[in-house]
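As written, the chains take the letters A, B, C, D, E and F, and residue 1 is the first residue of each chain.
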């Protein structure tokens, strides 16, 4: 468990209560962000995102499969994340722990609820064959705020994804690996995460800030400004006012973030 | 492991050697039994049984599936039990341990060998499609004698189970969820469990009695009086005479127990 | 972890540096080897091998299955080993550990690369139905050099394996359990394992020798003299000269070993 | 399926599938102290949901790396019975239950005076016996009652309820059908004394205004449910 | 399949598939001390069954929660080799082997003088190399011999044998075919000196009289097998 | 698929699929110190392979049974990203990665001055981000650079490279296609200062002469790669 020396906790908190951060950022400022798409040739879609020293690669791989029985006309998105032990001394090998599960489920909801991917277009034979898009979030270096980095990398990987053309003849799917087409996408959505420290909310918490936060709030917003996902974390409460304030900031900051996708 | 203070062990044992029990019951007397059927609307069959403070819910869910290769004309019963950590400080989350496995296997044998469920009637297309009945034994509160409570709750849930009508057209199964029919049942069978403590056998051991028993004997008997299952447990032996005596008592007590099913 | 008293280590090493071994063997001498084939009636192929006190049973079981997508015309070999806890106080129950995985994978490569089993002959309907041969290496007693014992037992079991005759009618496979035929085999291959102790290489290390070896080299050689598998183990290096010397000895010793298969 | 159109109290709202008003909760019943072995327990029925919660602890933490020198930790296991849903659920944790367990423990955290029990652990076992939409909120509500039943000192009793958007309307306490067919679901847990929020999720598409409306409605729902929690403890302990 | 009808010794009984009399055991062979590394071991062939047992211990218990302050505990692992049955068995424990491991440890318990080794553990590894009906009993019989071979002090040597009902007759020591097609199977283990019963199961339909008959027959079978156990130790140790 | 026949430098050899000479390595690039949290790290691109390695340690060994009283132990986890290969790989270890992890730890062992850190542990995490033949050798090569980047005292920097037989020729550094269609693959790791061999496998059919030729070629390849390793550290530390 994350134990932080009391003195560190106090000095970070005091600064923040004076509207200052250890690394000099404004309360609502992201660290430096870099994004590269198409970095893995064998993945039909991929992207690497760095926010500060946090580093994530997302790979997207389409695979033919069966639809879920209750949605026979929709393709399938499967989001999985690996908090690699290389990324942090606190990450351990093995099946995804609750942090990893929460990360991938929240990113999945953000993508899914924004209806970014046109799942109907991924249906090949209703009830029988659809495209399943596997999104693998590979966390390489953990220096705080995985959520926003993961959402950004996932959306970038989806925008970069090509799927083979398919034709159906006699109920058999013929897949043409030579003729690839982009994944059918509609809206975009990204996430902004806030940490409550002292009496303030700070955007894009660094690792040191995450260690001492009392509450966390991640907000997913679409390119058309809708709230498509939200997740509070942390052991302590937030007030309604704090939440509404965070939504306001996120509305602005998401549009900034989206520029990285262009 | 169950450690009981020596003084408790002695006082319970001494009482029993004088044909008395801590809670005032006779040697061959069950605690108070309650049974409610149909308590879970989403389960096609269900029942809750309390024997003393021991509490179990069994849910039955039919599902279409394939028969086993060596019994192509028979439906399938699958019995699973969960010793929920809520039921006792000694139960731990995770895959079923040996106690849980023994419980579900013995109850399964009792049901199966009594031929209570007409498995032939559960065959829809021989070798291809049969009904699989999943019996889930959910142990909620553990105060001794899970075996008899589990058998009673399982039989009650089976008696309460409805399965959809099916028709076969062109080798396709058409299932009519609106028209339900009761599970085809034949005999009934229940279990009586004895604990050897001191020199005596007591029926329906409470938790305190279970903790100090030297041997345990569970006997399954059908409505027509046949012995359909038996399982000795515990680290110490029984004599042949004790076993035959237990069978005699069980023959009578099972018929009493069956009244709860009416 | 294997901790050996320093005095044992020294005495074994000193002897070996004088070209002597504790049990009197020459540097390049196997312990006594015994081999029995067909010892398990229910297995379509089986063999028990003892090298010294090391004892292994291998069972071969054919099963109809699907080919791998990239080799639609080839049958499938699956090699699995169980370092049974009965065989050594250092073996634990549970999924195969790295020693077990290495053992089965190296033996598998030796068999596979020697092209001993004619996998094309195991194809029944290309892309749909092939024979899968399950090779289960059951380690019963571990007294050093599992690799060579496992390879010998596996090859003996394969030579002993019968598969049912199959016919294909209307795309259905008809299997005739009454008419069995031997597995189609081509070359044979066996393994010789060397341990580096002190400045020397010794063949067929005993358990005591294995515990103090600095490096291990296993070499698989076919009946026509080709090197078909090699695996270095151990924490310390070998020189090129040592490796080439081991190859030379293995070429001779493998031909000796093959006599046990006759 | 027949849609029952009830008029009655639905003044000023579109009809909901089960005839409730937009701000109406489903029937709710809570019993405290229903299990023998557990240190505390509660049983809750909420619409078609049936939920049982047991508390064990505070007790020595058997997982050393979870121990905290200055307080107790809360461990939660949310679990659905295989028979609790239409299609049998395979036993054991899945990704959904792992996430709900995590956020439930976080939602309860600030209500319990954990500092009283350094190095110890409080275990919360939530069993969904039957599920009909809103089980995570119902689990949290029941867990607080079970926690009180266990005699664990608390600052307040966390209570949870969802609001959401169905057929374009912001409504309280979504049923299973509404959750499935609706546009958004916003589960909320609060500390009723201060109104602070200890659990918040949002799933679906909402404008900022709609979100605020849903949040307000959920908080109102929480306050109503809070009364039923207190009633349950009164019934049990006559306090 | 051809049914072999042997007349010979089958006086007064219906013919059994393999020509045995109703009270006749299959061929039995036991060897003690067959493994190098184990502290004790035994190999048993019983009809078509081939079973190997190894004992490790008494040794320090590495599983602390299993330690008992006043005695040793017995841990048993019954395992079937993948090639021991007609259709390959997947490696690793299944529900059947978990149950058999439990009741085997219980069956052996009272024969061993466990009080001599507080806080320690005796491990029993039973490997079924080939199975042809009655492996759990055969495993217990072999385990006792292995336990003696390990030099562990014992009050008696547990011995096991099944009886059952086949074609309406109570018969001893069911073969695989008889177990499958028969009406009931009653595995029994006894302490031969006292006749006390340490393992008892019954699977199938029996009247109380039939059950008693089967129990008596199984006990007789056990006593015969007990002699072979002693012989095995005599062969090994010349006692 | 189009086979590109390049003539250029292929003097005296049959053409390889990618136009390389028989003794020619693929393009290689190594960067040291690429991760923030790890104690040491390296990123390597080798042909189409992309590999990231992180080192944690030396630190206290949390797995007691792996502790050695007189030295540190090396634990290695070789892992392929699900998206690193054509058909998505399921996350988690498989038999291949377990074997490679074992021999990688053994290959690195003798290069590190482990005696300096009794009872401690050095963890090596190798992530294959993209695989195109030869990942185990590339992983070892990168791991040595990461180990140096972590400041762990070393006797030498282990370096690895494969040779093999393709279309009847002994060639250096097989690509994915060559590995798949070729006759044999011989991965080798050496301590470049002494030429001693710390990893050796052979997979396929080779005569003794061919094997020796392949071994010599692989060692030459290792020596070339060793220079790139040193370069990477020089670029990072200016040494």
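Heads up, the rule we're going with is that a contact is a pair of C-beta atoms (placed from the backbone, for glycine too) under 8 Å apart; a residue touches a chain by one contact, two chains touch by 3 or more.
Here the structure is a predicted model, which is why all the values come from computation and not from measurement.
J.: Where centres are the averaged C-alpha coordinates, which chain has the largest centre distance to chain E?
T.: Farthest chain from chain E, going by C-alpha centroids: A.
J.: Could you tell me the distance, in whole angstrom, between the mean C-alpha positions of chain A and chain B?
T.: From the centre of chain A to the centre of chain B is 48 Å.
J.: Using mean CA coordinates as chain centres, what's the chain C-chain E distance in Å?
T.: Inter-chain centre distance comes to 32 Å.
J.: Suppose each chain is reduced to the average of its Cα coordinates; what separation in Å results between chain A and chain E?
T.: Using C-alpha averages as centres, the distance is 58 Å.
J.: Please set out, as single numbers or ranges, the residues of chain E touching at least two other chains.
T.: Chain E, residues with two or more chain partners: not present.
J.: Please output the residue numbers of chain A that touch at least 2 other chains, ranges allowed.
T.: none
J.: Name the graph shape formed by the protein chains and their touching pairs; answer line, ring, star, complete or other.
T.: ring
J.: In what order do you meet the chains if you trace the ring from chain C in the direction of chain E?
T.: Counting round from chain C, the next being chain E, yields C, E, B, D, A, F.
J.: Show which residues of chain B lie in contact with chain E when the two form their complex.
T.: 1, 96, 98, 101-102, 104-105, 109, 113-115, 217, 222, 225-240, 243-244, 247-248, 251
J.: Touching residues of chain A toward chain F in the complex: what are they?
T.: Interface residues on chain A, with respect to chain F: 39-43, 46, 53, 55, 57, 59-61, 63, 80, 82, 84-89, 93, 95, 134, 136, 138, 140-143.
J.: Touching chain B in the complex: which residues of chain D?
T.: 35-38, 41, 48, 50, 52-54, 56, 77, 79, 81-88, 91-93, 123, 125, 127, 129-132
J.: Which residues of chain E touch chain B in the complex?
T.: Contact set of chain E toward chain B: 65-66, 68, 95-96, 98-99, 101-103, 106, 109-110, 184, 186, 190-191, 194-208, 211-212, 215-216, 219.
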